[in-house]
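Next, two complexes with chain A in common: one pairs it with chain B, the other with chain C.
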Partner chain A sequence: MQQSSEYQATGYQTIVRAIGWLTIVFLFFPVLLTIIVSFNASFFIEFPPKALSIDWYGNIAKIHRIGHATLISALVALASATVATLFGICASLALVRTELPAKAAITAFFVSPITIPMVAIGIALIQFFILLGTAFTWYSLLIGHIVLVLAYPIRTLVASLTLSNMSLEEAARSLGATRLQVFMTITLPQMKPGLISGFIFAFLISFDNYPISIFLVRGGLTTMPIELFNYITQNLDPTPAAFSSLYIAIVSIIIFFAEKRWRIISYAIH
Partner chain B sequence: MPGLELEGVNVWLGAQHVLKNIDLSVAEGECVALLGPSGCGKTTTLRTIAGFIVPQEGCVSIAGKSTKDLPPNKRNVGLVFQDYALFPHMTVSENVGYGLRMRKIDGKARAQQVEQALAMVQLLHMKDRMPSQLSGGQRQRIALARALVIQPDILLLDEPLGALDRKLRDQMQVELKQLQKKLGITTIIVTHDQEEALSLADRVAVMFDGQIAEIGKPVNLYETPSSLKVMEFLGSSNILSMVVNSREARGAILSGYQHYSIQVEHCAFSVGDRITAAIRPEHIGILPISELTSDTLEASTVECVYKGGLVEVHCRLSDGTPIKAQSDANCVQRLNLMQQGLKIALRLNSSRLQLFSNSPNELTHDRT
Partner chain C sequence: MPLTSASFSRSPLSFWRRYRSGILLLTPLIVFLLCFYVIPLTNLLAQSFSFSSGDANRHDGWTFYQYLKTYDSARLGRVLSRTFRISLITVLITLVVSYPLALLLLRASRRLKTAILILTFVSLASSLIVRNYGWVVVLADGGALNSLLIGLGLIVQPIRFMYSEGAIIVGLVHFAIPFMVLPIYGSLLRIPPSMREAALSLGASEWACLRNITLPLSLPGVFGGTMLTFAVSMSAYVTPLMLGSPSTAMISQVAAEQLLVQLNFPWGAAIIVTLTVLTFLLVAAYASILRKVFRATV
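Here is the complex of A and B:
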């Protein structure tokens, strides 16, 4: 047929497509497995499941202190994402809008927590907090998480500020706006996509962090990933899979709407 | 009282001396174009007037008031950017009303003034659109309405028509000129487009290397520029090196190309001086070689460039000097100028010949 030749891919394109699909499968398979296992009727994690049930979802409450830990995780994530975003606004303004010497070095420093192993950050933080005598407090946990998530809002805010033309701010100035009015009416609205995506990513990174939190918690101070992991080490049933599936569903819904409304993923990748 | 005055303005950006002693006085309601190649300091001048750059030396006065220590938001200046700088998150009305909002003009009064400004640029029906939904020409007009609605003391336009296609540019050029005259607002236009400068402005300031080389009415600047550099920058010109042969009451006879000599009415040079004579292509007549006399130059054709209506005839003198003349399709056909290497005679219009002294270097070079 004449038509089919248009759709016929070259050998090279076929290989690229195959790699693309394999990557998607590779990334998505663990998620899919978790969801399937969570509906497994059996007491042990097995695949494929022999019978289906939703009992494990009812069992979530049996995870030790899970409600309390999830609340702390949510509060820490909210607070660290807020502080990191506010800090990100200031840092990105300085990095994009001023003639700062060694901009590249400063940017690299701000985003360095991404490149350092989290365990190393955790050990460094706890030694630091022990030295200060503030270890294992809510505040040291919060500060540790701010260090962890800081890079995300800085990156997205720098991207949205770079995309926004400086002449907009100058136009507003010439129309009679003070520096503060320019910031509130022009600069901040222009930063909005980066602001929202940076905040959401910072929140999510903090919310499910284990390797840093493990060094910073003790006794009554605990977080959701830590209690979940504790449960896994002592039990073999699929309750954590049920919890994880619930978590995946909620996060997916948030990201789906945030992407539709503010195109957050495009900004995070930028 | 001048609408705008710059006195001894010097600006250094880092170690670079960007504006060197700029003096400029613009009458109220006058339109002056700053014209020059990129990097000549014309945009820096505009940004200094707007207040985004504070000059290290000199002062800027707008409508008779010194702008010393006055930030951009206190200068009452209407600014139109090359990229229009419309606020992408606001509607057309909100864009135009922004300056009024900052002036605490609210409610009905603001809505009324915004509508008036939009009606002035014939875009009232677009008031609820977002800037991204407008064409280039429409954005340009909204930017203009936004700058004018605050009733500025002075209007600053940075390459206002640079981003538009040719046809739209011609149309906007006429509209802009009419609007500027109707409102009688003091206007500064920054442009690298000569046609834009010559057609829009009452006076044009040609800038080179951070200085104003010459300022004058477009016709004077084009026809009788004070320096060879300005002559070469504006339009196209032919450069001939000549010698003053003999002097008369005020004029002189010049020569330099074989038997050719030309009598000019005004000449400030003495006998024996080597000078540079410049003439525009439209002031050179093309004759058949049979009419070659001592007051015409012998040349041979190189190429004809068709420019629609006019034809630019590229020639070469016998010593190899390139020379351009302007002709029309009729003449090209009659004399068969399309043929390469055809011998022709060129008659320079002596009253349009501009004489300049050679630079000192060339002078010493000639004497050795």
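Here is the complex of A and C:
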């Protein structure tokens, strides 16, 4: 009896472990192949590569307006993540540290843009901006991205404030510190992990967005995902693979150091 | 009379005094969301009840014309059922492959755990277009999978994997795994390890532990993950655009096509409102069934 149940246990554990590892392989598989193909000498996507070269990395500049588009994406991501984080600080302070009616409903409203299809947000905003006469401007693009990323810093900041120790603030107040002093020296440092992870997620999500941006841009205003998408649909050569490999490398470095320094991932899980 | 008027004027004032700091902190955000989220979406909803300039029998005022057209359209019926089918299959596959990964994470050593989590986050954070491009590299006619199968002598001619529902599902599962793994892992972390140890020391098998302790207690994470995955699959836009073809179009694509190419705003609005409401209703129905069946707090 005992023997057989132990046998079963190891059998099932092996299967679970095997599926788990296969999932990791599945997650990494297209990334790995993209990196390999980016060093392919041939003009077409070809696997395995017959000869290696780094020419496609030099060809990245040939993607239409890619430098300009990446710059716009980076600026919009920086600005929208900053504004969303500032909104997030106010919202999390109000939701965690003050008395308010219907807190659950307010929180649900703030994070609801995540659950609305992005195409719906894009369409709704562009129609609204056409009515206002401000369509296809950089600030209407920025506003769209703030709506898109707002929920992420709010969630991480609420998490880090809920975990922080309020008695430290009360002690400081009773020892005569002003509200501003308490906020700057105690509350804000305690919010730091949520602040940083919220900002990084907001930045990456804005930088990557296609379905909202596609409605909000036209003419000279363009973003990195849009130009990359256009190049992929119009060309067959491995230049996008080179660009993608570079992108994945940079994102990995950012996440690796942000996790080492600020443990951003643990804040995203809670 | 004076008493009533006094209490009448005092009650908003006492409301203000009581919640002043909270209201002041939230006002800018609420104003922003009203202007650029609530009003545009309300406008979208209103548009969906109007006529487009090309519609026959148009008149001023409200109409259900766009919704009737959506309901009557054979193509939209097919697109809607395809979107639902693809989303359902995506959720099921994602759950089956993600739960073991979450268990693996829970039992892994500290270093391995960090490595897997970073990999999951890199996957989550690398551009969706970049990841779909990776699947194009794998699934294309001259891509990695066909080369491998031909190299092994299993097939002679390359198989067309791209531009199919299967390719979309592969891309969506890849996209959805982090959304499933993280909530499940989060709920697994909240199970006290002592429960499993107690069961094991009383002679329960590992399998009995999983079935009777780990699985039931991790259900909130499973529910959260499946709902999120279903919602992102239903509204998928970029993945079917890159890995599918017009004959495998999903609902967001059809709505976007009406708005970007056909310039039929009212119909596009009606399609996207239908998608939003349908997704919301399906998720709400799922949550209420779960509440009844498992008595879980979802």
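Throughout what follows, the second predicted complex is superposed on the first by the 261 of 270 C-alpha atoms of A that agree within 3 Å, B and C clash if a C-alpha of one lies under 4 Å from a C-alpha of the other, contacts with A are read in each partner's own complex, and residues count from 1 in each chain.
Throughout what follows, contacts are C-beta pairs under 8 Å (C-beta built on N, C-alpha and C of every residue); 3 or more make two chains touch, one makes a residue touch a chain.
None of these values were measured; they are calculated from a predicted model.
Enquirer: Please tell me, clash or fit, for chain B and chain C sharing chain A in the overlay.
Expert: Taken together on chain A, chain C would fit alongside chain B, as the superposition shows.
Enquirer: Put simply, what angle do chain B and chain C open at chain A, by C-alpha centres, to the nearest 10°?
Expert: 90
Enquirer: If we overlay the two complexes on their shared chain A, which of chain B and chain C does A:S167 touch? Say first, second, both or neither.
Expert: So A:S167 only meets chain B here.
Enquirer: I want to verify the contact counts: of chain B and chain C, which reaches more residues of chain A?
Expert: C
Enquirer: Touching A:Q190, do we find chain B (first), chain C (second), both, or neither?
Expert: Once the two structures are laid over each other on A, A:Q190 reaches chain B alone.
Enquirer: Of the two partner chains, chain B (first) and chain C (second), which one does A:V119 touch, if any: first, second, both, or neither?
Expert: A:V119: touches chain C, not chain B.
Enquirer: Mind working out whether A:L75 is in touch with chain B, chain C, both or neither, as first, second, both or neither?
Expert: neither
Enquirer: Considering only touches as defined above, state whether A:T34 meets chain B (first), chain C (second), both or neither.
Expert: Only chain C is touched by A:T34; chain B is not.
Enquirer: After lining up the shared chain so the two structures overlap, which partner does A:Q181 touch, if you call chain B first and chain C second: first, second, both or neither?
Expert: A:Q181 sits against chain B, while chain C stays out of touch.
Enquirer: Least CA distance chain B-chain C after superposition, rounded to whole Å?
Expert: Superposed on chain A, the two chains' closest C-alpha atoms are separated by 11 Å.
Enquirer: In the superposed view, which residues of chain A touch chain B and also chain C?
Expert: On chain A, the chain B and chain C contacts do not overlap at all.
Enquirer: In their complex, what parts of chain A are in touch with chain B?
Expert: Those residues of chain A that touch chain B are 165, 167-168, 170-178, 181, 185-186, 189-190.
Enquirer: Going by the contact rule set out above, which residues of chain B touch chain A in the complex?
Expert: Counting only chain B, the residues touching chain A are 50-52, 71-79, 81, 83, 85, 87-89, 98-99, 102-103, 146-147, 150.
Enquirer: Contact residues on chain A for chain C in the complex?
Expert: Residues in contact with chain C: 5-6, 8-10, 12-13, 15-24, 26-31, 33-34, 37, 44-48, 87, 90-91, 93-95, 98-101, 106, 109-110, 113, 115-121, 123-125, 127-128, 131, 143-144, 146-147, 150, 201, 204, 207-208, 210-211, 214-215, 225, 228-229, 232-233, 240-241, 243-244, 247-248, 251-252, 255-256, 259, 265, 268-270.
Enquirer: Per the contact definition, I'd like the list of chain C residues that touch chain A in the complex.
Expert: 18-19, 21-23, 25-26, 28-29, 32-33, 36-37, 39-41, 43-44, 47, 96-98, 100-101, 103-105, 114, 116-123, 125-131, 133-138, 140, 142-144, 147-148, 173-174, 177, 182, 185-186, 189, 205-207, 210, 231, 234-235, 237-238, 242, 252, 255-256, 259-260, 265, 268-269, 272-273, 275-276, 279-280
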